[in-house]
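Each in structure tokens, the structures are laid out below.
You will see subunit A twice below: alongside subunit B first, and alongside subunit C after that.
Let's look at the complex of A and B:
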């Protein structure tokens, strides 16, 4: 086989998610009363980017065959923090941004330490830490409020040259600065290896623990970037329990839609980004058709079921039934 | 050999797993520029020896010296760093990563802190070429490759680490003949380059072609060491035999039953693991499956039990063809089959659940009336079983995981006996249990057969096959190579046919009687 065919096979999940996004967005913008205009794209991008950051965070952990049920709460906590700190002069704002991102890193590192060194199951550990993160958010913002440096917020949620949504550019920068180095680093590969087969990775002398720890820590950072952007869009901080939880659940859906295997070892954050954007578009599709918003969860659920079922076909090829349970 | 200074030496290495002694004061000396073959039966301690060398397990006692300096390895990575690289029997490849990723996994080439993919590709291509496997694309995912290709990747991966000592543990078992020839060329070249190679194989012809020096292991000890070619196959088999204990086996019935076979297979094949197997088991008969570990015995039992898909050939019950689609179908109705699995902890028991619950699982349909379990009937049956098998437990309502290994195994067997099966498949049921319980199981097996059950019994312990079975079928590469009957079941015959030694078998049988 030629190189490009392997490349295609490697990127199949990502390309599929990209395809779904294109189709969904084409239907969306074609039926939008305003049509395909920079304005429509900007609004869609701003909504989608939030989930995209959280989904990237989820991807890092899922690659190690774990799951992070606290990403939505890190997202909420950092939103509340940003509504206190990211304000004032340029220097103060910069310090605030760093503090928010540092908090995200710390949250992720705590998750990683508990799961890897405390040997707790990721699901339980992150449910517990998620509750803690939300508790802290509630202490910071018992009632919604606060504000943000509006110049920075408008700059990052507006458009460059009146055309390109700034939030998409920010997403691209994060991909280049966080994801690409991670996926090409030795520790990133260790995270993949640990997710695919921890025993084989151990036998091959791969630094499993450090790889997984880095994945959890960076997941915290990415969720914090999401929290920061939420503040830029809303100008306030709010410890919203339902919203935090739904971001967690939607991030898992986006990850699966983006071709990342929940069994670990396979997939890319870029796929998850397309998955997140597609998921958001599916959710918005009903509005352009003037359906009752009551239909949205049902519709979104059915589309999601169809999309994830595509991945189950491999089971029909299994010849030893015991492999179903592996 | 020839006065050269040893590269690596192990002295007085011992290792125990719980109460089981895997290595007992074992010694080994490895010289550069030679191929050293390690021989021994299943469970003779070869695998443990290698794991100690490769840093996978730590020895309880003993010393290892490399270049005259004492060393100890805390992890496989540490052993790799010292130049000891092992190709394990259980593959150490990561399925979701590409071939190139896997080859460089322990020390990827880096540029600016990131993995240099061009350099990685180059290293992978070189290593594949050195291993004689340039047909494998470096970008292919390991999980998409067939077993024989994966084995070649494993060899390439080991070579890419530039080892000084290369250990091959049954590395050719999954390879095609053409690949074996290529690998042999590679190994001979490595020897001339001054590497030390340790070669573990059950294939006598391979050892004859490759080895410079041989060491035989038995019961965790090195019992003989000699230059290759100085002993006949027959003498080597003698060295591998020999055990310090013998079991008390129940007497076998005389005369062969002429009844219709209860279980019969005709030309059964599956994937590349089972090859045209035909066999019969009659009521009251104990038929053994012999051969080296992993020659298709497990798959054969799974095939009968309805676990494998895409089976070719025929399975007959009471002379009538049936198609068994699942373990439920196999155990219910008129088939009445039971499989005592190999790994009781994962396939036999729900460890955190109680003894009572575990005992009832397979027979729930018989104990339930209208979907509700009849507690009284359950209790009666459980009492019967606990009495019959003499299960020692502090109570029926404690977790089964708290029982000793032998008693856990009794629970697995009792669970199936609660259905009164007509056909009983046993997959190495005495592995890791004490001698006393083993004897009880032998008695039980004969008792069940006398009561009319048809028993198919796979064991890795040759003594058991000799002591328990009316007939033994020896498997090699997924095919039945030989059938031994009655007095013809000797350790000599079993080992010789398990190794698939060609040539004068009668001479070997003769030797056993001396």
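Let's look at the complex of A and C:
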């Protein structure tokens, strides 16, 4: 196969998600009362970026053929934590940010340790750790409240040069600092290999355990960045069970839309980001068409159902019926 | 300890102990330990009234966990439990608002709504080959959306029918709550189906290796589909009972049952990968979880502490005996 064709095949999911995002955003902004203005883009970006961070976190784990049902709770926990710590003078704020990100790393590392070294199934283990993280969040914020360094918050949720949403720039920076080095490193390749075929990877001497552990840990970090941004947008911390749960759910939807295979070994965080932004835009389409917001959960659920059913088209390619069963 | 002494001890044990799964024994041992710890805290822990009350509370979880166990035995998982429970409860209460005929069909209608959710799950998993974790999350979201639209986002005003209340809180046999009898009946039926019918064989077979089960002539897709439908129906029935217990349905009444139902099944020694597990273990798991919750609430632990202890205990117990075999 020629080089460019190989590249195209590899990035097909990402490109498809990008296409969906462009089309959906075009429909969205065309029907938005204010039209395609920097303001509309900024609001949409701020909303979408939160899910994008959580979806990136989910991608890292899904690539290893695992799943992290606690990302939403790490997101909630770090939100509550940031509403206590990210405040005060510049230095205090900086320490606060570091502490929040460190907490995220720690949560991810705990998940990784339990799943990899404790040899538990990721589904059950992360549901249980999710309960613990939510409990901790509730301990920090029994009632919604707190505050955040508003200068920093406004800087990161505003616009650069009155045009570019700062949150998108922050997302780009995180991609360049976390995802790109990870996916190009030996351990990143190990995470992919472990998801693709753990036995084969093991036999070839790939450090699968360290690769998976790094993936889970970085997932915690990315979810924490999401939690930090939630605090910047809302100025408060809230231990909301429903919101944490729905972020977990939507992160899976975003990952699927973004062309990441839930069986592991395939896809990229870039695709998941486009998936997340597209998912958010689709969810908000209801508003520009003036529907009752009550319909939004149903609408998002149906989109999710359709998105996951799209994978069934692969069945048409099956030649041997035994390939139904993995 | 060498292999022979272990065998020697095992030979001297009564037959039922020798055949028992170590995980089930551990779960029952944990129950005894919890009861002892509880009785140190308060004397009333070992009183028959308290134990019966616990059994009654456990039976709601028991009904829901039965469906979950079927699905987990297949090597799948049903994450649509929260809104299957709520849908069953809300739809049963909603039917009750439509006159006497509505009251009569309230319970079957609620259960049927759950079966419908289960059938969608089953079609997705069995025929479209979508990972169960994903499709059940999606149907959960759709069920939630439907209920939000139906109720307008508030808890519905309709209340449970007398029959629902009777099933959940009444006494047919003096001293034994009806809910416990229902759980016992459902449990007995499940044990019969799992151990004495070809359907049960097929469930274990598919859990071990679906490909092999298919090649030996089992219509594996139909079995998977039925199991998901039953799971949805049982979740909804659990919801109906809960609505009878509280005499009304509420928005997030099912949220508190997802983790416990999975935990009960897994703590009872059923392999999350499927193909292995006994109903006795699930019973032990359900009682264990209920006692743990009860002790934490008797100690007036705030919600935050409860969640933390709960998660930690589940991880700790799974680390004790739920680990996958060491790699290769």
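Keep in mind that, in the parts below, the second predicted complex is superposed on the first by the 319 of 326 C-alpha atoms of A that agree within 3 Å, B and C clash if a C-alpha of one lies under 4 Å from a C-alpha of the other, contacts with A are read in each partner's own complex, and residues count from 1 in each chain.
Throughout what follows, a contact is a pair of C-beta atoms (placed from the backbone, for glycine too) under 8 Å apart; a residue touches a chain by one contact, two chains touch by 3 or more.
Everything numeric here is computed off the predicted structure, so don't read it as measured data.
For subunit A, the partner that touches more of its residues is C, with subunit B and subunit C as the two candidates. In the superposed model, A:10 makes contact with subunit B only, not with subunit C. In the overlay built on the shared chain, the residue A:181 is in contact with subunit B alone; subunit C does not reach it. Judged by the touch definition given at the top, the superposed model places A:196 against subunit B, while subunit C stays out of reach.
Once the two complexes are laid over each other on the shared chain, residue contacts for A:322 go to subunit B and to subunit C alike.
By the document's definition of touching, of the two partners only subunit C reaches A:262; subunit B does not. Put simply, subunit A uses residues 199, 202, 321-322 to touch subunit B in one complex and subunit C in the other. On the side of subunit B, the complex with subunit A involves touching residues 56, 75-77, 80, 88, 91-98, 101-102, 105-106, 108, 110, 113-115, 117, 137, 139-141, 157, 270-271, 299, 302, 306-310, 326, 347.
Touching subunit B in their complex are the following residues of subunit A: 1, 3, 6-7, 9-10, 181, 184-186, 189, 192-193, 195-197, 199-206, 261, 264-266, 318-322.
Within the complex formed with subunit C, the residues of subunit A that make contact are 67, 114, 118-121, 123-125, 127-132, 134-136, 138-139, 142, 198-199, 202, 241-242, 245, 249, 252-253, 256, 262-263, 294-302, 304-305, 307-309, 311-312, 314-315, 321-322, 324-325. Per the touch definition, subunit C reaches subunit A in the complex via residues 77, 124, 128-131, 133-135, 137-146, 148-149, 152-153, 210-211, 214-215, 220, 252, 255, 258-259, 262-263, 266, 272-273, 302-312, 314-315, 318-319, 322-328.
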